[in-house]
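By letter and in written order, the chains are A, B, C and D; residue numbering begins at 1 in each of them.
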C-alpha cells in the first residue's frame, strides 16, 4: 500500500476535515464569499515563498544527484512559474503585486510553513516530504474532487480557474511524482519504530492545512 | 536604549495584548477558570521541550565559548530543573507526569515553538534570542506586574505559585541575563537594514505568545 | 571598496598561494601532468554536488524572493548545466560518467565543501557567500589570468578548454554577480564586530581551495 | 552484533590505521616527540569547542526528552568539565590558556569537525553519532590498549596522564553509553538501504581522525 494512503488512513477524521472543509466546498459550488478567496490568495502568495524554501531545504538535504535535481526543479517550478501564475490570478481578483508583497503573514500561514521547515530541518527528507504531502498531494485530490462536481468547472463558478489548475494534468503529474518520491524515501528510510512519529507529523500538517482554509474563511490575520 | 525596550516600543499594541491578556489578568486576580490553567500547564510542558531544543540550537550556533556555555546552561536549566518543577506544580493541579507526557501539542504550541526554531535556524543568534524574548523576558515582566497587584501573591489566589516563580529572584535574574545577551548580540550584529525584519520577528513571536494564552483560555487544541 | 577586494587584501599570502598554486601555473603553461588533471576532474565532479547543495542552502536561508530566485538559479546552473559540461569534458579526458559517479571524496574535497556548508548553516547568507567566494570569484580571476598568458588558450595547451570556460563571458558574469551579491549582503549585514570572523572564514576557505589544487597535483585521496 | 562493531568490521584498514597510528604508538611507549603532543593539545582544545557544538546539535535534533537530556549532559561535560581539565593538562605542558584561545584551527581540525557537524545537520541523530563514534568510542579503545602496554602508565611515560584519562572509568563509561546510544538509534532508524552510506560516513570520520594524529605528528597547520 502506498505510503501516502497509509498516512491518510491513519488520520481519517483530520484528513476529511481538511479536504472537505467548508472553504473547499464553497469553491466547489461557487458559494464561497469572494473576500474569503481574496484573503486566501494573499496568504497563499506568502505561503509559496516558504514552500519554495522547503524545496530548497530538500536540495540541501539531498543525498543523491537525483534527489537534488528533483528538489531544484521543485524550487524553480515555484519561483519561476507558479508565483507568476499566482500574481496573474490575483490580479484578476483585484489584487496587485504590491498588495501581495506588502502583506503580513497570518498566524495560520506561519504555523503550517514553519512546522514543515522545522520538521524537515530537524528530521530527514522523509519527514520533510511527509509534512509537505497534505499540500502537494492534498491539493491534487481536492482539485480532482471539485472538478468532478456538477458545476465545478462551469463558467458560472468564480472558482473554476483554481479548480482547473489543481485538477489539471500538470499539477496531477506533480502530485503523482510526490507520491512516488514518498514511496522511494519510505522504502529506504521508514522503519516501524518511526511510523508513529511520521503519522503524528502528517496529522499536524493536515490540521494546519485545514486551519489555512479556516483562516481564509474567517479572514483571520 | 536597550534593544528589548526598542523592540517593545516598535509593537506596543501587540505587546500589550500579550502581557495584558485576559488569561494573565485572570491569574492576577484569581478569577481564571481552573480548567484553563490546567490546559495551559499541559501545553507548557510540551512547550518547554521545544524551548530546550531552541537553547540547544543556540549552542550549535554559538561562535564563542561564552555563548556556548550560556546556551548549555539554558538547556540544562530547562531539562534538569524547570521540567521537574513543572511536573511537581502540575501534580498539585491534579495532572500526572503521564498526563503531560501523553499530551498532544495544540496548534498554538506548534505555531510559536516552530517559529522560534525556524527563525533561529535560518537566521542567527540575534534572530533566535529575539524570537525567545517574549517568553523569557515577557514572563518576567508579567510575573513582576502580577506580584505587585493587591491579591497577586495572597494565599487566596490559586495562581500565587506561578506568580511567585516568575516574579522571583531566579527568574528575574535569568530574564536580565537574556536582556544583556540581546544587547551584546545587537551590538555585534544589528544593522539598521536588519531592524525591520527583527521587529517583524518580534511581533510574530509576541502575537503567537498571546495566542498561547488564548489557547489556554479557550481550551483550544 | 568592494567587500571581496577587502577580504583578499586581508589575507594576501593565502590568496596568492591559492591563485598562483603550481597546479594553476601548470595549466597555464601546459606542463601540468595529465594524471593530476584527471584526478582533479573526478574530485571536482564530487565537489559540484556539494556546491549545488550550498546554493540550495542559500535558498533555504533566503529572506527575500530575489535572494531565493538567485539561489535557485545557482542550483539549477550546476545540476542542469555545469555537471553535464563536466561529464563531457571528463569524457574527453578518458573518464566515463561511471568513473565520476563511483569515485570517493578525497579529504581535500570533504574539507572545503563541509566548511562551506557548515559555515553557511550555522551562520547567515553573508557567511555562506563569503565561504563560496574563493571558488566562484577566484576561479574567474584564475581563468582571466591564465587566458592572458602567451600560450594559455593556444591549441597546444591541453588545458585550454578549462581556461576558456573560466575566462569566458558566462563564468565572468556569474562571478561579477557573486561580487555584487556579496556587496549587497555586506551592506545589509556586515558590522565591524563581524569583520574578523568573516576574514577568518575567508582565509580558511581560501586555504582549503589551495589544498584542493594540491590534492590534484599529488593525487592525494 | 553491536552497530559499532559492525561499522569497524566494515572498514578494518581505516580503523587500524587510526587506532594504531604512529602518534598513538608514540604515546604508548613514550617516544612521541613532545612538540607533536603540544601541537595536538592546542588543536584538541579547538576540537573540543566544535565537539560541544555537535552535542548541542544532537540536542536540537532530539525527538525525546531522554535524547535531549543525554545531549545536554554531553555539552555540559565538555564545556563545564573537560575543557577545564584540558586547560590544566596543557598548562603542565607549558601552554597557557591564552595560547589555546588564540590558536588557529589546523586543516585537519576543520576537516573532521565540519564533517561531523554537517553530516549531523543534513542527516539525523544516527548519522551524527556515527560520525562522532571514532572520537568517543575510538579514544576509549585507544586508552585501554595503551594502558595495557608494559610502560603505558609508568611514571616514566610523559603521556601517562593522557592514557590514564582515556583508559579511566569515567571515559570508559561515557564510551559505553555512546555504544548503547548508537544501538538504540540503529534499532529505531537503521535500514539496510541506509547501511552503505552509514559505513561511508564512518569511514570518512575515521580517516579524518587518523589525519588528526598525523597533523599532530607533522606539526601541520
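Miscellaneous remarks
Keep this in mind: a contact is a pair of C-beta atoms (placed from the backbone, for glycine too) under 8 Å apart; a residue touches a chain by one contact, two chains touch by 3 or more.
Small disclaimer: the values here were computed from a predicted structure and weren't measured.
Here the chain-to-chain distance from subunit C to subunit D, counted in touching steps, is 1. Repeating the A-C interface, with the same residue numbers in over half of the contact pairs, is the pair B-D out of B-C, C-D or B-D. Of all chains, B has its CA centroid at the greatest distance from the CA centroid of subunit C. Shared residue numbers account for over half of those found at the interface formed by subunit B and subunit C, and the copies are therefore classed as meeting with the same residues.
Centre-to-centre separation of subunit B and subunit D, using mean CA positions: 36 Å. One inter-chain figure worth recording: subunit A and subunit D are separated by 44 Å, centre to centre, where each centre is the mean of the chain's CA atoms. Mean C-alpha positions place subunit A and subunit B at a centre distance of 31 Å.
Residue positions 53, 60, 117, 122 of subunit A each touch two or more of the other chains. Viewed as a network of touching protein chains, the structure reduces to a complete graph with every chain in contact with every other.
Note for the complex: subunit A touches subunit B at residues 53, 105, 107, 110-111, 114-115, 117-118, 121-122, 204, 207-208, 211.
Of all the residues in subunit A, the ones that touch subunit C in their complex are 49, 52-53, 55-60, 62, 65, 68-69, 71-72, 75-76, 79-80, 83, 117. Taken in their complex, subunit D has these residues touching subunit A: 60-61, 63, 122-124, 187-191, 193-194, 197.
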